[in-house]
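Two complexes follow with chain A in common, the first pairing it with chain B and the second with chain C.
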Partner chain A sequence: MTEPTVVAGAVIASDKSTRKPPPPEKASDVRRRTWVILSFWFIVLCLLPIWWRTTTIYRANLPLDEMLEWADGKACRPVFPLRISIQADALQEQEAQNLLRLTQHALDDLNDFSGHHLRLQLSPPSTVEHQSRDRDDDTALIIRLVPGEFTSSTLDPYAPILDITYPPNTIPSPTSSSSSLAAYVASQLRTTFAEEQAIISYLLSTNSMPTEHRPQGLTPEAAESLSKRTTRSLKYAPTYHLTFSLFTSGPLPSSWDIEAAIDSYMRPVLDVLSPIHNFTIDTQVQLYASPGVQSQILNKEDLSSFVNAAEWPLSPSIGGAPTINFILFVGNQTIGSTAPSSDNPDDATNITTTSSWLLPQWGTVYLLSLPPSSPHVSLATLKQPLLTFTSHLLSLTGTPQSGSLPLRLSTLARIRSADLLLRASSTLGSLARLSLALPSIAIPGSVADGVQKTMAHLRLACETLGGAEGLAHARIAEAEAERAFFEKSMVGQLYFPDEHKIAVYLPLLGPMAVPLAMGLLNIVKEWTKRRREKKERGVEKKNV
Partner chain B sequence: MRLSSLLRVPALFAAALFAAAPVAQAEHTSNWAVLVSTSRFWFNYRHLANVLSIYRTVKRLGIPDSQIILMLPDDMACNPRNAFPGTVYSNADRAVDLYGDNIEVDYRGYEVTVENFIRLLTDRVGDEMPRSKRLLTDDRSNILVYMTGHGGNEFLKFQDAEEIGAFDLADAFEQMWEKKRYHEILFMIDTCQANTMYSKLYSPNIIATGSSELDQSSYSHHADNDVGVAVIDRYTYYNLEFLETEVRDTSSKKTVGDLFDSYTYEKIHSHAGVRYDLFRGGEEEARSRLVTDFFGNVQNVEVDGSKNTTLEEDLLSLSRTIAALQQKAEEEEQAARQNTTEAVKSKPMAHHKTQFAKPLTDENWWTKKIFGATALAGCALLWGISSFLEAPGK
Partner chain C sequence: MNGGKAIVGRTSTRTAVLNLYLGAAVLRLALFTLFRGLPDLLTGRVEISTPVTSFKRLQEGLFLYNHNVSPYDGGVYHQAPLFLPLFSLLPDFSTLPVFTYLLYIAIDLLSANALLKIADAGEAGSSALFTSLRRDKRWSGLVVAAVFLFNPFTIATCIGRSTSVFTTCAILHAVAKAIAGAPFSAMVALSFAAYLSMYPLLLLPPLVLLSFDRQLPARATKSLAQFATSHVAIVGGVLAALFGMSYLITGSWEFLPSTYGVQLTLSDLAPNVGLWWYFFVEMFDSFRSFFLAVFWMHLSCYVGALTLRIRRQPLVVITLLMGIFNIFKPYPSISDSSLFLAMIPLYRHVFPLMRYTFLVAAIIMYTTFLGPAFYHLWIYAGSGNANFFYAITLVWGLGLSLLVCDLTFAVLRDEWEVERPEMVGKDIRQI
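Moving on, here comes the complex of A and B:
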C-alpha cells in the first residue's frame, strides 16, 4: 500500500523540481519490498523443478545394447540339437556303439550348417510300444535297425520312426574306420531333415544374423522355393479363425453338411495342430453370389480376381484372430488350361484336372459343379473339397511338405519357435532403434517391463530351442515384444520443434518475467549501494 | 554300388551350394488402402467426394472392405444442405452415387484426428479396437495411402482444429518400416502445397506423389450447380479418369509410371510432383510397378496340380496318432485333476480377498497419494505462512 504513494510522491517531486531528491524511504519499507520480490523469486524457483518434471517426456531406461544384440543375433545363436536315438536290438552293444560313432562321424562331415545338430544316442533295447509312448522327451526321431535282405529305409507314417533294414554283412567291424551302413544311415537322416534345415537356414539368412552364424548359403532356386513357402504361409498367430463359405451362383444348393464334414475330414488335423495353434470355426451360405470373373472358363489370371471381395461377406471380424477362408463355389465355371504361364509351364498342363486354387496367406477356393437341381451338398460330395482344404490348411500354416506327418508336425513346431524367436528379437531391435531415432517419443515403464520380460523369455527359449518348452517361451516372448512395441501411450505429437516451445512460452511468461527480473536487479543495486555506504561510513568512523 | 551312388547325392548337393545367395525380393501378398479426408463442413464436399471416388476405385479393383480404412470427418450425405439426401456425387452428371448402400466407413466424424491417424499407421491401439479399424499389415503388404484436405507448407489440417506435420507423417512411416508393417507404399496427397507433405519422408520403399508444389494451390475441377459446391478436385479427377479408362480390371498392365505421366499442368493447373528416391531400385523400378499393385488386390495364386491321393492315407494315420494323443492327454488330465483338487480347496480364500473395490489400475497408486498429500500440505503451509506474515503487521 505504501509503494504507490512513494512513487506518486517521486513523480510530483520531479515535476516540481528536478534537483530535489525524493524523501528517503523508510528502512522497513525497503525491507518489505525486498521480501516481496524475494518471495516471488522463491516461488518461481520452487516451481521450476516441478515445471521441469511435469513437462519432460518420460523415457524409461531401455537396455538398448542388449536389445540390439538380440536383433543382430549376437545374444543367441539358434541351435537345434535334435536327439536321434538308434534302436538296434539285433546288434551287440559294442557293435552298435561302433556303428553309432561312425554314423555320427559321417553326419558331422556332411553337415555344413552348425545351427542344426543331429545328435545320435543309443537307446536301450526295448519294445517299440514303450518307446513310442514316452517319446515326449526330446528325441526327435527313432531309428529302428532291423536286419534284412538289402539296405532300405522307410518312414513310419504314425510315429517319428525311421525303419532301416540292412544285410547283416554290412555291420562294421569294431576296428574299421568307415562303414557303408553308417554312411547310408547318415545320408538318410540328412535327406529326412533336409527341408527343415533349409527352412531354418533360410529364416536365419533373411534375418539380420551375422555372417559367421549364417549357414553356408542356398542355391537361388532353393531360396526361391523357400521364399515361395514363406509367402504362402500365414504369420504365426496362436489362434486362427477358419471361415467355411458356400457360395452358389443360383438358388440351389442352399444347405450343406459342413459340420459333419469338418468333423470327419478336418477335425483330426486341427486336433493334431492344436499344440501349436488353436482354431475357431464359422460357416456361412450365400445364394446368388456372383464371382468377380464371369467368364465360363477361368484362366490363371482370372483366378486371382475370382473372389468378389466387394460383395462377399468374407471378413467376419470375429474375435482377434486372423481369418483363413475356405470357399466352396457351386457354379458351372471351370478352370481352363491356358497358354502356359510364363513362370511355370508345367502348371498349365495340370490345370485341366483341377478345380481348386490357393491364395497365399488367405485361403482356398474350390469350384464344385453339381447337377442343377440338387438342393443339398452331401457329406460325400464334401469329402474331396474338405480334403483339399485340409491339405491347404497345412501348407497355409507353414507345415513342411516332405516326410511323415509326425515328423512334419514336430518340424513345424521347431520352425515356428525359430520364427517367433527371430521375430521377437527383431522387434526388440526395432524398438531400440526407434527410441534412439526419435528422441521425443515417450517410453512408459510398461515398455521397459515388456522388454525385460521378452528378453527373459527369449533367453529361456534360446536355451530350450527345439522342444515344446522352447515354443512356449518363444510365443510369450513374441507376444510381450509386440505389446511393448505397440504400447498405446507411445503416440502423440512426436515432432515438437523448439520454435513451437518458444511460441508457447514467450507470450505467457515474458510479461511476468520482466518485472521479476527488474525487481531483482533493483534489489541487487540497492544492496550494493548500501554496502558501499556502510563501508564508507565505517571508514569515516575509523578516521574520526 | 547302390550305397555309394546314394552317398554321392548329398555331396553333389553340397557342392552346388555357394555362399551368400542373394535373397530374392519377395512379392506382396495383400493390398491395403488408407483413404483419408481431413476436412469438415459442407463447402468441403469435394474432399469427401475425392476420397469416396478413390474408395470406389480400389473396391472395384478388388481390395475388400476389411482391408480399406476409410476416414470421413463429416457426413455430407446427411447434411441438411444436401439437395440430394443420402448421396454423394463426384461429378455434375450425377451418374454414380458414391455413398450407395455398400460402404464401410471406419473412422467417422470426430474420430478423424491426427492422433487416430498416427495410431492407425503405427497400430498403437487398445485392445478394444476392432480388427476392422486396424491396419493389420505385414512385411508383404502393399499400402495405398491417399489423403485430401486443406494443407500448407509441410502440414495438413485435420477438421479445422489440428494439423499433421510432414515430420509426424515421416516418423509414422518410419515406425511402420521398422516394425516391418509394409512392403511398398504409394503415398498420394491432394491438397494445396501437397508436395511439401512428402518432402520429409525418409523410409524406404515409398513412392510419393502430390498435386501441387510449394506455394501452389490445388484446384477443384468443377461445381455442380444443384449441389451448390465444387464436387471434385482436379488432381483426383484426372487420377480417376486414368484409372477408369486405362485400368478397367485387375488384369491391366498399366504401370504407376504411366499414371504419373498422365499428369500435365494443363489438366491439373498445378505442378504434380513424384518422389522416387526412397524406392529400392530408384525411379526405374518404381515406375515399373503396376497400378494394380497398389489400387487393386492381385495375388499370385497357386493352382493345384492333380489330386493328391496320399491325403486319405495321411488322414488315416492322423486319426490314429490322435487316438494315441488323446489317450495320453486323458491320462495326464486325470493326474492333473488330482493335483487341482487340492488347489481348488485353497481358492475360495483368495476369492474373498479380491472382492473389495479396487482402483482399475494399481500402478502409481502410492505416487498419486503422495502427490495429493504434498499438495494439501503445501496449501496449508502457504496459508499458515501468510497468516504468520500478516500477524506482525497488526
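Moving on, here comes the complex of A and C:
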C-alpha cells in the first residue's frame, strides 16, 4: 500500500534535489534547429515577392495636370464662331463690302462676350447650288438684303434665313463711317442670337470657368429664368424614350389613333431633332385610371400631385434611356381659373395651359374632356394634344424659345455641345481630384484609356465647336468620361483606408509572425554567443 | 519467451486477411444494395464530396465526355481527365451500377492491402536510422487494415463514391512500395496521387528519404543528392507522361486550369469541412490573391521543417503531413481524415506517450455528429447560418490539429528517450 507513495515521493524528491542544469545541447541538434527555423523563413522569403505582386494597387498613370486644366477651362476656350453670310444681290460689290465692314464694326461694338462671335461674310450672288453649298458649310444664318420701301426684317420660318428690306437711300457711301442700315442689321442679328448667347454664357458661368472668359452683363433676372429653364429640361442623353399614355377615368374611350397622330404631328419635329437625339416610342392605354387628385377643379397645388405614380404603370426608365412621359387624361376634371395660366410665363404654349401642364424633367399631362359615350379618340381630337406635347418636348429637351424653328434647333445643337464639353471636362476634373485625394484607390488601365479618349475627343470637339462634328465629339467625350469615372472596380475600392490593412494583416499574420520572429531571434542570439565564446577562447589561448 | 505468440500476433495469416477483406467487401456491397438511397445521400454530403472529388460532378464530366463535348465546359467538373476513360470503360452507371460499386470496393481493399504491408514491415517502430525502445508493442497489419476498413469515415467515403479514394490508394501504395525497397514504383504511385489531387506532391521529400533509407542493399545508391535527383526526375517524367495522355484525351490543355487551377485559386466556394471556404467568402477581393498565396505557403511550409526535424523517421513525417493536409488543404473531406486516421494505429507504440487521446476522440466524435446537424440547420431548416457550420469545422480542425501535435510530441519524446535513457517515465518541462 505504501510503496507507490514512497516511490512517487522519491521521484518528486529526486526531481527537486537533482535540479541540475540540463546537459548541454549537442551541436548537431543546434544545427538542426537552425535549419528548421531557416526552412520556415525560406517560405516567408518566397512569400515576400508574392505579397508585393498581389497587393500593390495598380494605378494607371493619369495625365492629372491636363485633366485639371480641362476642368478649369484652361485647355479649351469655348468659342462659337458663327458664320453669317450676307446676300445682297442688288448691291455693287464695293457697296456690299463696305456695308459688311460697317456692320461687323457695329456688331463688335455691341458684343461683350468673346466666346460667342458673329462673323459676317459676303456670299456670291445667290443661285440654287450656291445656297445649298452654303448650308452645308455650317453657315448659321443667311441674311438676304432686298431693296424695298422701308427698313424691316422677317425670319424665314423654314430655313435659317433673315430677310431684310431696306430703302435704297440707306446704303452707306464708301467714305462714311457709320450707317443706319448697318446698325439696323447688327441689332437685328443681336436680338436673333440674344437667347443663345445668354444660355451659353449662363452655362459657362455655372461651370468653373476662369473669370476672364466669363461673360458679363447677365442680369440676375435673366440668370434666374435661365436656371429655371435648365432645371426644367432633361439631362442630355443620346436617346430619349417617349411614352404616350391614354388614361381614362371610366370604361371609355378605349382606343386612340396615336400612331397616325404621332406620324402626322410629332414626327417632323422628331426628324429634325434626330442629329441630336434618337427617340424610341411606346404607347399604352389604361381604363379606370384614378388620378392622384380627385377634386373636380384642379388648382395649382394639385397639378404636381395629379400623376398617380403609385398606380399608373409609368416605368421610370426603359433600357437605360431616360423616359419622357406624355399623358392624355380623359375625364371631366378641369384646371381651375385660380391656377394662373402664367405658370410658365416664358412658355411658348401659353394658350394651351388651360388644359395641360408641363412637369419639369418628367413630361406633360393633357386633360381632355370628351362626350361620355365616345369609344375612340380620333386623329382630329389628338391634334391639339400632340401639338402641345411637341412643343413641350422641345422645351424638355432644352431648345431655346425665340426665333424660327431651324434657328432654334441649330442653337440647341450648339448649346448641347457646349454643355457636354463642360460636363465631360468637369468629370475629368472630378476624376483627377479623386485620384489625388485617395492615394490608395486602384486605377485600372481602362480608366486611363477612357481618359485618353475623352481628352482626344474633347480636343476635337473644342476645335470644331459649333458644328455637327463638334457635337458628335462632345457626345463621345462625355460618354467616355462618365464610363471612366464610374468604373466598377474603382468604385468598389473607393473607401479602403490604410487602417483596414492593419485589420486584414494583423489578426491573420500576427500569430504566425510571433514564433517565426522568436525563432530567428534565438538563432541570432546563439550565433553571437558562439562567436563571443570563440573569441574568448582565442584570447585565452593567446594569453596562455 | 513468448516469441511464438508475438509472431502469430504480428504477421497476419493469409486466411484471416482474406476473411477481413471479404467481410469489408460484403459490408460495403450490402450498404450499396440494401439501402438504395444511401449512396446518393452520401454523395450529396459536403463532408464527403468536395468540388474536386464529387461523384456527381464526375458523372457530369463523363456525360459531356461521352457526347464529345469538353468535360470542363460548364465549370462543374474539376477532376483529372484520366478518370473519364476509366469510368467510360465500366458499364453504364445508370443501368448497371454494381460495377462502379465493385470498383470502389476494390480500391478500398487495395488501400487496406498496402496499409497491411506498411504495418507488417514494422517501419513505424524501427526505421533505418532509428529504433524505438517500445517497438515491440504494436498492432499487426491485420488490425491496422481492419481499423481502416471498418472506420465509418472510410465506409462513408466509399459509399459516397468520392474519387479521393483513388488518391488515398495511390499514396498508400507509394509508401508501401518505398518501404518494400521499390523506389521506382513508389515514385510512380506518388506521381499518380499528385496527378489526381496535386497536393500529394508535397509528400515527395519525405517519400524520397524513406525510399533512400529502405533501398535494397544489392543496388543501393550511396549519395542522397544523386538518389533524390534521379527520383524527382522519375516523378517529373511520369507526371509529364500523364499530362500528355490527358492532353490526348481532352484535346487541349484546358484541364490544367480546370483541375489544378481550381484548387490553387479556390474558385468554387462550396462549403466543406476545411478552413478555406468561409475565410475566402469573407475576404476583401483585393487581398484574395495574397491570402491564397499565404494559405498555400502555409500548407507547404511544414514539409521542409518536419523533414529536417524528424529525418530519422520519414514515415512519421508522411503521417504528420497527411494530418496537416487534412486540416489545411483547400478542399478537405472526411476521406482525408480516414487516410490520416488509418496511419495512426501504426504508432501503437507511442500511444502511452500521447496526452490528449480522450479529448481528441471526444472532439472528433462530437463534431462528426454536430457537423451534419448544424449544416442541416443552416441549409435546410434555415434557423442557423453559415457561422454554425463553420464553427463546427473549426472545432473539427482543432481536434485534428491536437491529434497531429500530440502525435508529434509522442514521437519526439520517443526519440528523446532513446537518446536519454535515464529520463524514461519522467515528466519533462520546456526550458
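FYI, the second predicted complex is superposed on the first by the 423 of 544 C-alpha atoms of A that agree within 3 Å, B and C clash if a C-alpha of one lies under 4 Å from a C-alpha of the other, contacts with A are read in each partner's own complex, and residues count from 1 in each chain.
In this section, a residue touches a chain if its C-beta (ideal position, glycine included) is under 8 Å from a C-beta of that chain, and two chains touch if they have at least 3 such contacts.
Just so you know, these numbers come straight off a predicted model, no measurement behind them.
Asker: Output check: A:Ile50 vs chain B and chain C. Expected answer is one of first, second, both, neither. What do you get?
Answerer: second
Asker: Touch test for A:Asn61: chain B only (first), chain C only (second), both, or neither?
Answerer: After superposing on A, A:Asn61 lies clear of both chain B and chain C.
Asker: Which chain, chain B or chain C, ends up touching more residues of chain A in the combined arrangement?
Answerer: Greater contact footprint in residues on chain A: B.
Asker: Which partner does A:Leu508 contact after superposing on A: first (chain B), second (chain C), both, neither?
Answerer: second
Asker: Give one of first, second, both or neither to describe whether A:Ala437 is in contact with chain B, with chain C, with both, or with none.
Answerer: A:Ala437 sits against chain B, while chain C stays out of touch.
Asker: By the touch definition at the top of the document, which applies to A:Gln94: first (chain B), second (chain C), both, or neither?
Answerer: neither
Asker: On the A-aligned overlay, A:Ser373 touches which partner chain: chain B = first, chain C = second, or both, or neither?
Answerer: A:Ser373 sits against neither chain B nor chain C.
Asker: In the superposed arrangement, which partner chain does A:Pro22 touch: chain B (first), chain C (second), both, or neither?
Answerer: In the superposition, A:Pro22 contacts chain C only.
Asker: Under the contact definition given at the top, report the residues of chain A touching chain B in one complex and chain C in the other.
Answerer: Common interface on chain A, chain B vs chain C: 492-493.
Asker: Okay, in this complex, where on chain C does chain A touch?
Answerer: Listed in rising order, the residues are 284-287, 289-291, 293-294, 297-298, 300-301, 304-305, 308-309, 311, 420, 426-427, 431.
Asker: Hey, which residues of chain A end up touching chain B in the complex?
Answerer: 110, 112, 132-133, 151, 157-159, 180, 183-184, 187, 190-191, 205-206, 211, 214, 216-220, 222-224, 227, 230-232, 235, 265, 268-269, 271-272, 292, 300-305, 307, 309-311, 314-315, 317, 320, 322, 335, 347, 350-351, 353-354, 356-362, 384, 387-388, 390-391, 404-406, 426-427, 430, 433-434, 437-438, 445, 485-488, 490-495
Asker: Under the stated contact criterion, what part of chain B meets chain A in this complex?
Answerer: My answer: residues 2-4, 6-7, 9-10, 14, 16-24, 26-27, 29-30, 59-60, 62-66, 102, 114-115, 118-119, 122-126, 130-132, 136, 138, 140, 165, 167-168, 171-172, 174-175, 178-180, 249-251, 297-308, 311-315, 317-322, 324-326, 328, 363.
Asker: Can you name the residues of chain A that touch chain C in the complex?
Answerer: My answer: residues 11, 15, 22-23, 32, 35-36, 39-40, 42-44, 46-47, 50-51, 54-55, 57, 442, 492-493, 496, 500, 504, 508-509, 512.
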